[in-house]
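Below is the structure I would like to discuss, written out as structure tokens.
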């Protein structure tokens, strides 16, 4: 989608384009197009490159080390990153805990943690979900008991992505059992090398290790690690509501990467008809997904324009999440289709013969994509939220 | 990228909104439709007076030079109130085809802007939406042209005074070269007109032409691009209508599910109903975003063709889905003439067909992005 | 779908085929393929022809004038009717009130009403829905008050299909306000020429007059017109649950008629590519709908086999209704698509020039089809029923 | 039309069910998979002992002459318990290709039935599912044949002792005439095998053949029909597996939504969840009905090809939709290796691909019903 750009934006666009032209190794691109995350080492390397360029925190205000970019600039940045097959930045530090810290954290927390997020020195993971608290997060049971100058944390977190590589974790824990379920929950920062933390991998259908259970047994952290006030942790999540639209927007902008991969696979696949990409039925299906992706890009433009105007986007962030996740699933499924019989060759057995590059990626992408309608508020929960908040039902 | 109307556009929008409420309130719809051509003529005169008819006409040709965004401000209201006046056909498509066509065209366009003349585009043959799939022939005799052929569908053509007819001065069906455009008055000798009503109460026609005298418009043999560019403008205007209609259908449905009681509760309290309304509103947002980006791109003069093809497909899909769901959630009463929702459904179905259905534009998108 | 037939069934099949070969006028066929009902006069004529052949009530036991056919025979009968573009029989007398009368009615009711249903002499309509009682039928408010040997009925019925041509109506009315909402409801037979009945047409989106509002003001009917016991009307509906699978099955078997119409239209339509039917994208879409129709036919076969074995079909009747109605909508929509630009020519204006035969039918079919997911228990209600009864949720 | 098993078939079904519960309980799945080939070998021997391997082989060739309905009784259990043993490839497809192929085939089939030999069909080239889209060549030298070519995918071929390879003795790629079938031992000179694991833990391979000695099976140049008929049998067997798997996925989901508590209630009490489970069970019913009608039609010997093509498409669509929804309704835990539902999803995705995906069979259906 070409935009009408002001001359200064056009200059900025060229800067960004130049940067990406030299910053993305070929082997990253394959992974990226599958809608898969790079390995943690590579994501950290990417974050460092951006930080070196001064672009480590594109959505943050300047005073906290961010770029202070306008939404227009952000849109340009993401467009170019997407076009260059650059990955999305890993967001748990940058988009989740970072903004909470710079909004509600103490000066000491700001000074210490924020630069380390930007530089890639600290990798954060999120300790929210629990076995009995998924969609219904307020049902969480992890306790943080005050003991002198410390909190002593006990509990069991689930679906803690990248806990196995993270340096720090932000968790929601119950500091009181009184009042409504949402009350008495606090937000606490935990170093991952604190004694009493045990991490157990959760193996998932895509055969990648990206998520974990985290067991906390008498994990003792200084009371100063609490963010904001005790018992107010639930409320701090609200700052994220407004930022979530940015996460959704950024993620959705990377969708065309997967569609390029589908096109490439279909251009390679020979069929009795000729190349798959020339087959009218396949073209119609690809066009359908591409058209819906254009629609999502248009929705993102509206979000960014709202942000630029300082306007409330209402439920549009949720809508982009809903549509983006569905489309990722459709696009990766179409990619598997484009591979044909070879999609049954997921891994070589015995001798390490060469597999086509995109083969396991297409399948890993299609399998991993199943979780996109579940995490970050499942599609069912998103619809509940829209019904309640936007439609007043 | 413009996502909000400026003051002038907002005033235009408000004025259309008032007109819609006065003239096309949902409760009076059946009465309005029963008035037939007389009602349309009365409203058309009012619209001329309000300056809307001349809005899209170029300033050089006596119009106001309004662009896609101004047209959008009008068409959303047309959609919200399901006005059956053929604004897009006569005031967007015809002027886009005729602009720069010389004195005769300028004179006619002035009359169009004043509401004195209606011109409809006769482009489609052989049941196909492709502008190049035509075989009507124009033979030059001295400086004059005679047309012979059949136009299967003329959008909003039933009550037109003139027709803009595409015909071949060269080339074979399917080729883009050799297509020319001609003006033919509705009373021309050799012209037979069959008039039809569609389910949305729009009035169309088909034409049979045998040696009909015709006046050329634009460069002989080279108007395929111009026709497609003009159609793109008409399509974007129709998309704004579709979005207006969708949003009205969602609003009506929201009202209904909040008040309709079954099993001792408003049906809007049932989760399945809620999620369906959510999907309707997501579809609205999708269509609105596409429509606005397309209008904006068209306004900026950039190449918008693949974007418009994409938007045409998706807006139609969203529009039909929303209107179908609106009927479904209203239950039996949703299928009645008296309630507005089924009128939205019928209009959405026909808007899909106007100037190429979903399949046509999907194939076009695939071709343009090949 | 070809079936393995026993010799006697094969003979029966030939009889049925012979009958239909000569019984269906061409102009009926067009209407039938659009999934539209024939005009009442034609439906009555059709019923008379069947009755003359002894086939007036294919699903009824012999003792009440039915054919006593096996499910296998019924399946053959419907298959042949469908293939011959014969209509489905109008079901409100045959499948709704008829079976209630022969199960719960008095001897006098059986003797009088049943033969008149089979012969086509009596056309019945169903007075169930009300303005405030649609999906939630138990909310009905029409009252039948006992006055001597009569009931005096007051109320307002909605969606009374064919009330304007019917001779008789069976209504649910409240004879008591005590107990649960379902209690105190009685089933009463009403002659349509009884004073106090006013019929007001409901105009619908397909521009056909098939349904009505019925106002009952002090409508006085003999108390003997009650079916079974007072206050038990709600329960008599239960006999229909088991028979509904037959209505669903029979209706679903007529789906291929519409698909034939789509094929014919696509075979006539010229496009820049050639005939529409040869266009790969269109063929893929048509194949998809045809394949789903094959699936529904297979589901019907299972239903019939259950019936033959005297087994409970569980929710399979509801499932067939769900799928059949969705497919009718898809098939008629595809038919409209197949017409192309000409689908915008619904009715001639001015001079009565000729319209292609299938043009208004395709559109009427597509518009009328919207009601199939609403009537007879909307798709939402069907899913509620399956969730509760079959899945125990 | 047979919709219920007879006593014998019911006993067979029960025996498979017991075997599945003992050997492939969902809780032990990861352990079973970790055993790799040893586990498969042990279970294969048990299956031979139970007589299942010889069940589909013709009586004349030392088998039990079981038909599609008996195979269905076995395959539903295979699907319910997601057994990875390649019953369809070795015991349905290979025998169907080889039956009546003479002494050599009969001798091999006896060994197949006894579990001593596994034979896989190598039919696919060039990334296409069409049996005629092959260009591998078989050259006759005296009475012997030499094969040269590439087979891109051999279903369950990783551990086969023999391959049934389709190759051209005449004709051009795309033509049905000139296709022949050959037996090649896995240790043949000139044969290179690449072995792969799929996401469902089935083990496949591709073959490169250069002048490989081969034994002809069936009539030279005329086996295209035989191959398609054999594939139809394999496809119907796979559909039974798909239905078994779908029903198990629905049962697991029902259990889960009845017990999993969120917001103070089992999630199965939420209407949206209920309707999704309903749609899953409708899809199951649709797939089961199609599968049974197809098996029955195949058993009766009538022409079943378009029916099977239709069923293949729809069962795959239903199967994938059901398994995806099962994962979705389980939430995060649905994506974990430990829970069975994602294994069902992976198997359904691969079953779609086995012997032609949805698009291939949709086009085939359109062609057969033209």
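Each chain carries a letter (A, B, C and D) given by its place in the written order, and its residues are counted from 1.
The rule is short, and it goes like this: a residue touches a chain if its C-beta (ideal position, glycine included) is under 8 Å from a C-beta of that chain, and two chains touch if they have at least 3 such contacts.
These numbers were taken from a predicted model, which means no experiment stands behind them.
Enquirer: Where are there more C-beta contacts: A-D or B-D?
Expert: A-D
Enquirer: Which chain's mean C-alpha position is the greatest distance from subunit B's?
Expert: Greatest centre separation from subunit B goes to chain D.
Enquirer: Counting only Cα atoms for the centres, state how far subunit B is from subunit D in Å.
Expert: Roughly 52 Å separates the two chain centres.
Enquirer: Please compute the C-alpha centroid of subunit B, do the same for subunit C, then give the distance between them in whole Å.
Expert: Using C-alpha averages as centres, the distance is 38 Å.
Enquirer: By the touch rule stated above, which residues of subunit C touch at least two different other chains?
Expert: 280-281, 284, 380, 383
Enquirer: In subunit D, which residues are in touch with two or more of the other chains?
Expert: 270-273, 275, 359, 362-363
Enquirer: Quick one: in the complex, what on subunit D touches subunit C?
Expert: On the subunit D side, the touching residues are 1, 3-4, 254, 257-258, 268-269, 271, 273-275, 277-279, 281-282, 285-286, 288-290, 292-293, 296-297, 300, 302-303, 307, 310-311, 313-314, 359, 362-363, 365-366, 369.
Enquirer: Going by the contact rule set out above, which residues of subunit A touch subunit C in the complex?
Expert: Those residues of subunit A that touch subunit C are 279-281, 284.
Enquirer: If we count contacts the way the header does, which residues on subunit D are in touch with subunit B in the complex?
Expert: That would be residues 270-272, 275 of subunit D.
Enquirer: Which residues, counting only subunit C, touch subunit D once they are in their complex?
Expert: Within the complex, subunit C touches subunit D at residues 1-4, 280, 283-284, 286-288, 290-292, 294-296, 298-299, 301-302, 305-306, 309, 315-316, 319, 322-323, 380, 383-384, 386-387, 390-391, 393.
Enquirer: Help me check something: in the complex, which residues belonging to subunit C touch subunit B?
Expert: So the residues of subunit C in touch with subunit B come to 129, 132, 134-136, 139, 158-159, 202-207, 269-272, 281-282, 329, 336-337, 339-351, 353, 355, 363, 366-367, 370-371, 373-375, 378-380, 383.
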